[in-house]
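Shared between the two complexes below is chain A, which has chain B as its partner in the first and chain C in the second.
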Partner chain A sequence: MAIHETPFFMVAVGLLIYALAYWGYSKIVDKKIWQSDPTRPTPAHLYTDGVEYFPVGRYVLYGFQFNSIAALGPILGPGIALLFGWVPAFLWIIFAALFIGWVQDYSALFLSVRNEGKSFGPIAYSLVGPQARTLLLGFLLFYFLLITAAFMFVVIVVIDIFPGTFWSLLVLVLTALLVGHLIFNVRMNVVTVTLIAVVLLVIGVAIGAFFKWPPTGALGKAPYSLWIIPVIILLVAGALLPLPRLITPMNYIAYYPVIVAIVALIVGSLLSPLTGVKIEQPAFTKFYDPENPAFFRSGPLWPALFVSIACGAISGWHSLISTGITSKQLDVETDARPVGAGAMLTENTVGLTALAAWVVLSPELQPRVNPAFFVKGATTLTAPVFGGESVVPFLESFFAIYMVFMAMTILTILGRYWRVVSAELFGESKYSAVRVFGNKYVASVLGFVLPTLFVLTGSWINIWLYFGGTNQLLAGFALLIVAVYLLHQRKSYAYSFIPGIFMMVTTIAALAYQAFVFYDATVNAKLLHPTQAILRDSVGIGAVIAVNAFSVTVGIIMFIMGIVMFYLLLRAMVRARAMPQQTQ
Partner chain B sequence: MVGFLGKIKDTLKEITYGMALHSQVTGILKTRMYIEHLFTLMVLGDMLGFPVLPPYYSLRLLPYAIPNVQKWKHRFYRERDFTDIIYG
Partner chain C sequence: MTFQSRVRKKFRLGTRGETLKDKLKDLLFGFFFYGLHQQVTITASKYRDIVHILILGEAFGIPILGNYYTLRLIPYLIEYLPEIKELASKEVDILELLHEGTAVH
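This part shows the complex of A and B:
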């Protein structure tokens, strides 16, 4: 077996390119453009308050930044991109890793450091104008809605294929409750509590591997609509309970299986020439084929490929993290590169190893059809390293848990966010009918009802591409804001401006295409996906049309927001060019 | 060699702390900060004789900042001696 037929080849080439990005390109940008200065005081020193602003070592901050940006994006995105073959997906990941991904994370971090550690909203306000901040808020609300939908979809389809995962998830929730109690009430030592939690999680994996009840298919044709009920109950509990009770300990203990999974995938990929696992998916397929429903729903290679790989290539979410906390705790300016660029390139590595797990799937398992197939791919890639056939049930259970944990930790936080925002918006209204929406129980449930409308479309590709489109649009926004700032400073801004323009144009096109797909399904009363037959048979075609029309509306709103943002940023560029140089 | 291995150990320790605990610590610090903001808003005005917040509203808000006023009073007035230092 030739070495280029194994995932080792792509991972090894990718790591070489990443090394070039880190020790070559990012170093040049750091020295020549931002001119990082270790003696220049950072906001962490200038505004030390011991709460938000305080200096933190580079390794701690690197770990924090990576953990905050690592989610399901780099894991699932490559699976959708495989519609066009693994070579285009691979090329986009390494191209984005070299020229776009770290550029956004690192530059947004530096931008905030040079602007008193301000967060994204205030920076947008000062560099682009008040409309930009308002748009950003509205945009984020839709963005959270779409992330919730995408991640809920992942949780329920993984549980549907691997039913034991639900019981493992229950073990996680109970463990989190116990850990919260032991740390915050009993004040037990964190190391001891961690050991107890890890043992319980291993038991959870074993339960998931053997207690496969109810079997797949036992719930009839409506697994999505049925599994969604217990999942929403768990999520609502997360939104209602105090943070230290469930969410804080759950995020903490979920970290351990996640890091083990990432290391296992890297090891599995690098040892693939020895284990004999090889690439099974096609290298290329087509650019576009409107006659093929899968291609019609995703759209042509451009723009679909460039929004599907989300965080594995570039992600707007990261700029919120970079400017939110990291910039307020950066010890010295020279740490910005290892923290901002280093964490992103590690995330790119996760994306690359996830691609390796997808490409070893046999061609009849089409990755775009079901995100849960990732579990099969990851198991195929790693099983020969960890003991062969005998460990397959454990590995399947483990990787299924890994996906569900990653999704659930984000979902509980988003659910809480909805509850708090709803209480703020509706809780004080003078109309009792409106006040109901501010009620904590009603708000917590509603926070998951709107995303459920997306889930009921049943079309994984469309949900993901909507999410990817908004995510990458935010990235384009961040890149162009950096360019506006650099232009104000009369510094070279092309390295951020060109990727920013590319991402804006690509994402706006992707959102327009997705809105068109939903529009086509709405006006022609078509089923967008076979799963919608469940909704049609149980409620009627009117429900299918309503669900699709809701998606069209969201798509059009996102498209208009994208266009307005793009206009505001270009206007800010023109104004910055006309203004005299600002110095700092 | 020991110094090099020690450095690697410290680095891994810091990365693990950063990944697993730093966000939780930051979150807890922030929660404390908000409670302190509320508490300062309530008591500072009276302390300085500057009407930041009228005492009526301070007293109305106090149970939100310190939900267990009774327990706090109990703790505050509890007699303490050296055995408390030993046994916490």
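This part shows the complex of A and C:
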């Protein structure tokens, strides 16, 4: 078996390119454009308050930044990108890692450091105008809606396909409650609590491996599965409980499976020439094929590929973390490169190893249309390293619970975010009918009921591409706002402006195409996905039209918001060019 | 050594990882514990805000506690006044929510 037929090849090439990006391109940008100065005081020193602003060493902050940006995005994205073959997906991850991904994370971090550690909202307000901040807030609400739908879909599908996962999840949620109690009420040593949690996590995985009940499809075909009811109950409870009760401990222990999964994937990929696991997916399929339903739903390679991989290549959410948290704790300016760029390039490595898990799947499994098949790919990649056939049930249970637990953690946080943002937007309205949406119970329930409408479209491709589109749009926004700032400073801004324009145009096109796909299904009263037949047969075609029309509406709103954002940023560029140079 | 600097030393917050062992320790702390540490710090700060309002409230026209008590408690706050001022005068943005959970993607 030739080495280029194994996942080792893509990971090794990727690591070489990442090294080039880190020790080459990012160093040049750091020195020539931002001119990082270790003697210039950072917001962490200027505004020390011991809570948000205080200096933290670069190794701690790098670990934290990676912990914050490593979630499910890079794992799930490549599954859809494979629709076009593994080579385009691989090239996009490499290209984005070299020119776009770290550029956004690092530059957003530096932008905030040079602006008193301000978050994106105030920075957008001062550089672009008040509309930009309002748009950002509205945009976030839709982002929460779409990402909630995507992860609810993942939870339901994985629980349905891998029986036993729900019971593992229940063990882990109870573990989180116990951890919260032990840390905050009993005040037990956190290392002891962590050891208890790890033992319970292992028990949870073992339960998933042996207690496979009820069988797949017993509660209905996914995503039209009754599993959605216990899942929503858990999520609403999580959103309403005080933070230290569930969200904080759940967020904490969810990272242990993540780190184990990432290490397992890296080891599995790098040892693939020895284990004999090879790439099974086709290198390239087609640019576009409207006759193929999956291709029709995804759209052509451009723009679909560039929004599907999401966080494994570039993610707009990272810029919010860089500006919202990390920038307030950066010790010296020269730490921005290892923290911002270093963590993102590590995340790109996760994206590549996740791609490695997808490409080893047999083409018949159609990994491209089902997020749950990641579990099978990851098991295929890692099983030969950890003991062969005998460990397959454990590995399957582990990867399934890793996905579901991470998704549930994200969903509980999202439920809370939705509730708080709704209270901010609607809570103080002068109309009582609007104020209702700011009520914490109404907002918590709506926060999961509205995304359920997306889940009922049954099409993972469309849900994920909507989410990817909004996420990457935020990335374009971040890149362009950095360009506006650099233009104010009369510094070279092309390295951020060109990727920003590319991301903006690509994501707006992707959102427009997705809105068109839903529109086509709505006006022609047809099923977007075969599983919608369940909704048609049980309720009627009117319900299918309503579900698809809801998605059209959201798509159109996102599209308009994207266009307005793009216009505002370009206007800000023109104004910045006309203004005299600003000092830092 | 002040309380704040003791906390920072204990939780490796100001360290620069001079030796390989220190770098590794910092990295693992950042990977696994720092997020939790941050959330606990912010939660504790919210509880402290309530205490500050109770004690200093009278000066701002919120007389929850009578001055018989506040005048006896104020000396204990003197050490933290700069931090309290920073926190109270900080611009609050909805994106501050990020602290409650970062990996939403």
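What we mean here is this: the second predicted complex is superposed on the first by the 555 of 584 C-alpha atoms of A that agree within 3 Å, B and C clash if a C-alpha of one lies under 4 Å from a C-alpha of the other, contacts with A are read in each partner's own complex, and residues count from 1 in each chain.
Basically, contacts are C-beta pairs under 8 Å (C-beta built on N, C-alpha and C of every residue); 3 or more make two chains touch, one makes a residue touch a chain.
Just so it is clear, the structure is predicted and the values come from calculations on it, not from any experiment.
Asks: Please determine, from the superposition on chain A, whether chain B and chain C clash or fit.
Replies: Chain B and chain C clash in the superposed model.
Asks: For A:118, using the defined touch cut-off, is the partner it touches chain B, chain C, both, or neither? Pick first, second, both or neither.
Replies: A:118: touches chain C, not chain B.
Asks: Based on the superposed arrangement, let me know which partner A:274 touches: chain B (first), chain C (second), both, or neither?
Replies: A:274: touches no partner chain.
Asks: Between chain B and chain C, point out the one touching more chain A residues.
Replies: Of the two chains, more chain A residues are contacted by C.
Asks: Which partner does A:251 contact after superposing on A: first (chain B), second (chain C), both, neither?
Replies: both
Asks: Look at A:63 in the shared chain and tell me whether it touches chain B only, chain C only, both, or neither; answer first, second, both or neither.
Replies: both
Asks: Which holds for A:414: it touches chain B only (first), chain C only (second), both, or neither?
Replies: A:414: touches chain C, not chain B.
Asks: Please indicate which partner A:325 is in contact with in the superposed arrangement: first for chain B, second for chain C, both, or neither.
Replies: Both chain B and chain C are touched by A:325.
Asks: Can you pull the chain A residues that chain B and chain C both touch?
Replies: 49-52, 56-57, 59-68, 190, 243-244, 248, 251-252, 255-256, 259, 325
Asks: Once bound in the complex, which stretches of chain B touch chain A?
Replies: Against chain A, chain B makes touches at 11, 14-24, 26-33.
Asks: What residues on chain C touch chain A, complex-wise?
Replies: 4, 7-8, 12-17, 23, 26-36, 38-43, 45, 83, 86-87, 90-91, 93-105
Asks: Can you list the chain A residues touching chain B in their complex?
Replies: 49-52, 56-57, 59-68, 190, 243-244, 248, 251-252, 255-256, 259, 325
Asks: Write out the stretch or stretches of chain A touching chain C in their complex.
Replies: Counting only chain A, the residues touching chain C are 47-73, 118-122, 137, 140, 144, 147, 183, 190, 194, 243-244, 247-248, 251-252, 255-256, 259, 310-311, 315, 317-318, 320-321, 323-325, 331, 406, 409-410, 413-414, 416-417, 420-421, 424, 471.
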